[in-house]
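One structure below.
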Amino acid sequence: MAKIGVADTTFSRINMAEFAIGTIKKNSKHQIERYTVPGMKDLPVACKILFEKYNCDIVIALGMAGPKPIDKQCSHEASLGLQWCQLMANKHIMEVFVHADETNDDRGLYQIAKNRTEKHALNAIELLKGSEALSKYAGMGKRQGKEDEGPVKTK
Amino acid sequence: MAKIGVADTTFSRINMAEFAIGTIKKNSKHQIERYTVPGMKDLPVACKILFEKYNCDIVIALGMAGPKPIDKQCSHEASLGLQWCQLMANKHIMEVFVHADETNDDRGLYQIAKNRTEKHALNAIELLKGSEALSKYAGMGKRQGKEDEGPVKTK
Amino acid sequence: MAKIGVADTTFSRINMAEFAIGTIKKNSKHQIERYTVPGMKDLPVACKILFEKYNCDIVIALGMAGPKPIDKQCSHEASLGLQWCQLMANKHIMEVFVHADETNDDRGLYQIAKNRTEKHALNAIELLKGSEALSKYAGMGKRQGKEDEGPVKTK
Amino acid sequence: MAKIGVADTTFSRINMAEFAIGTIKKNSKHQIERYTVPGMKDLPVACKILFEKYNCDIVIALGMAGPKPIDKQCSHEASLGLQWCQLMANKHIMEVFVHADETNDDRGLYQIAKNRTEKHALNAIELLKGSEALSKYAGMGKRQGKEDEGPVKTK
Amino acid sequence: MAKIGVADTTFSRINMAEFAIGTIKKNSKHQIERYTVPGMKDLPVACKILFEKYNCDIVIALGMAGPKPIDKQCSHEASLGLQWCQLMANKHIMEVFVHADETNDDRGLYQIAKNRTEKHALNAIELLKGSEALSKYAGMGKRQGKEDEGPVKTK
């Protein structure tokens, strides 16, 4: 069994960690390590600590971004931090960010957050199986947070 | 007891370090190490030195950004520096940046700076307790510098 | 013989890895190592693992970006991750990204993806031959995904 | 006595190093090491060399940016380079950048460059004294290149 | 004698390496090492390899960027890669990028590319002489790719 880190925030208006933990428990016997930080930009170092101190094999980083330009800048900075963290650790982080402007009501936001988190929790489980575990879905237009787009139609 | 670094600037129009130091003293017995630099972009290396030379366990980085596009660019560069610093040190930095265009009078700016600094000082104290100390607030829509937004309403 | 990594995504609506693998097999006897991840931003660490764990000599990173501003931000973050990865590994990654807004129908997208992937697979094979293997084409206005522009006309 | 690096450019239309060197000599007995490069983007590695080969304790990086969008991109890249450099060296760089669009005549540009360079040369001297040397000015709204803004007025 | 790396691309519509090599041969006895890659974003790791595998003392990185927003993003990513590369190697890279939108005809583009490349090849030769070789031109408003602007006029 592997160990999956689940990093989440108090900024988020949805308890996304619950979706991640539920999906992992339902679909695997992997251990789970939780780490809650204030906001998105605190996630990269939390992931680094989950890798190095807690020996996680993969981390699911859960965040919610506000609707303003400064919020996009924050999510960009957090994403770059997650890139460096992965390259320093040689391990995957599933970035699950929900943007407040993806929908215009709380109900929609909840659905996106749930769908995106659960699908990426499954992706994390697949990646732990090896580099070709997801190859059967390559080029299939998979989406998280909404319906799959599917492959292009050329006929 | 841990050691908390408080890094602040002469550029800021508000002595944010006072709020941070007051909150830490009131709510903990942690040691405090102060480091004052000219501006935001001098904060990342100050934090690095606070971690490596002064052995701080966490740092609160306090900065104020002007209202112009070049100021947003500066805060973006400072934020990325703080990301790298955290990943190099494997320790948290609470980024407490106030933007001059968040409000249109000095009084409002002061309130935002005070509220954001004090709440993040408390966050720092919580993070020192461990990775799940903040989990009870996960997904609660916590905000610093203004009222909490609270969790989504789906019913 | 060298080992070429082929990293691709389930997000892409086209199985770009097939084009890359077909071109490599047709034009060389290099070994191929496949790695499929969910999306673009998962490619950099996959490339890093292909270099370090699978001993690849070069990697072809295949991704498709959506048409929205947030998608451009994602591809920018992925590109920066690929830059760091290459500098850490001292090995080339051929970045083959297709943007949904490069054309307005699935057929066109398919042609761009096929042409760009195949040409960059050939570039990877050339780079494995040495630092001057491509010098004969220097300044020739080569393009991937569309017709070459050719050198400037100054007469 | 410490050693202060002064890095400047041939791109700049003002000999900013003269202001820096004059201020350092007038206010301290620190040694000075000069490094002149073509443009802004050559400054970060010059600073790195000043730290590692010339053993500078702090560097003042002097640059001038043109007025076009591509010039803003250049100064952003240079600033990020300076961030990494500082974090790698654990030493401060005073970034003194003047932007051609800050004013509309040569005379104004000269005044900004002189004022900003001299004030940051003094900041460098202060930082060499220790982490709290500037704390007496914390939150005072200090500015370089123009008049101080001063602290907020809340009464 | 030192060794100068010349990195160029097949994407460029002008054989900029010829200008660089011609200028180096005419003005010095330095060795030259050539490295041709597909595009701009392949230059940073090529420079890294020129430093580490080929022992170059300095590199001239020659690239041409297209006129679209995505091309600006590419050149930004390449520039950041060059920044990191220099900081990792402690050696200079002369970034010589030509942007297709700097002029509106092939002839003008050729002149810019030739002028910028030749001037930066001379800059590389000067930097090899030491940190103050260019100090005599500090603040002189030197430009590459066009006429020098010269120092500000304050009288």
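Structure notes:
Each chain carries a letter (A, B, C, D and E) given by its place in the written order, and its residues are counted from 1.
We take it that a contact is a pair of C-beta atoms (placed from the backbone, for glycine too) under 8 Å apart; a residue touches a chain by one contact, two chains touch by 3 or more.
On a predicted model such as this, the values are computed, not experimentally measured, just so you know.
Think of each touching pair as a link: the shortest run of links from subunit A to subunit E has 2 of them. Centroids of subunit D and subunit E (each the mean of its C-alpha atoms) stand 25 Å apart.
One simple way to say how far apart two chains are is to compare their mean CA positions; for subunit A and subunit D this gives 40 Å. Listed for subunit C are residues 80, 84, each touching two or more other chains. Starting at subunit B and stepping first to subunit D, the chains sit round the ring in this order: B, D, E, C, A.
For subunit C in complex with subunit E, the touching residues are 72, 75-76, 79-80, 82-84, 86-87, 90-95, 99, 120, 123, 127, 131-135, 137-144, 149-154.
The residues of subunit E lying in touch with subunit C in their complex are 8-18, 33-38, 41-42, 44-46, 48-50, 52-54, 70, 73-74, 77-78, 80-81, 84-85, 88, 106-107, 109-110.
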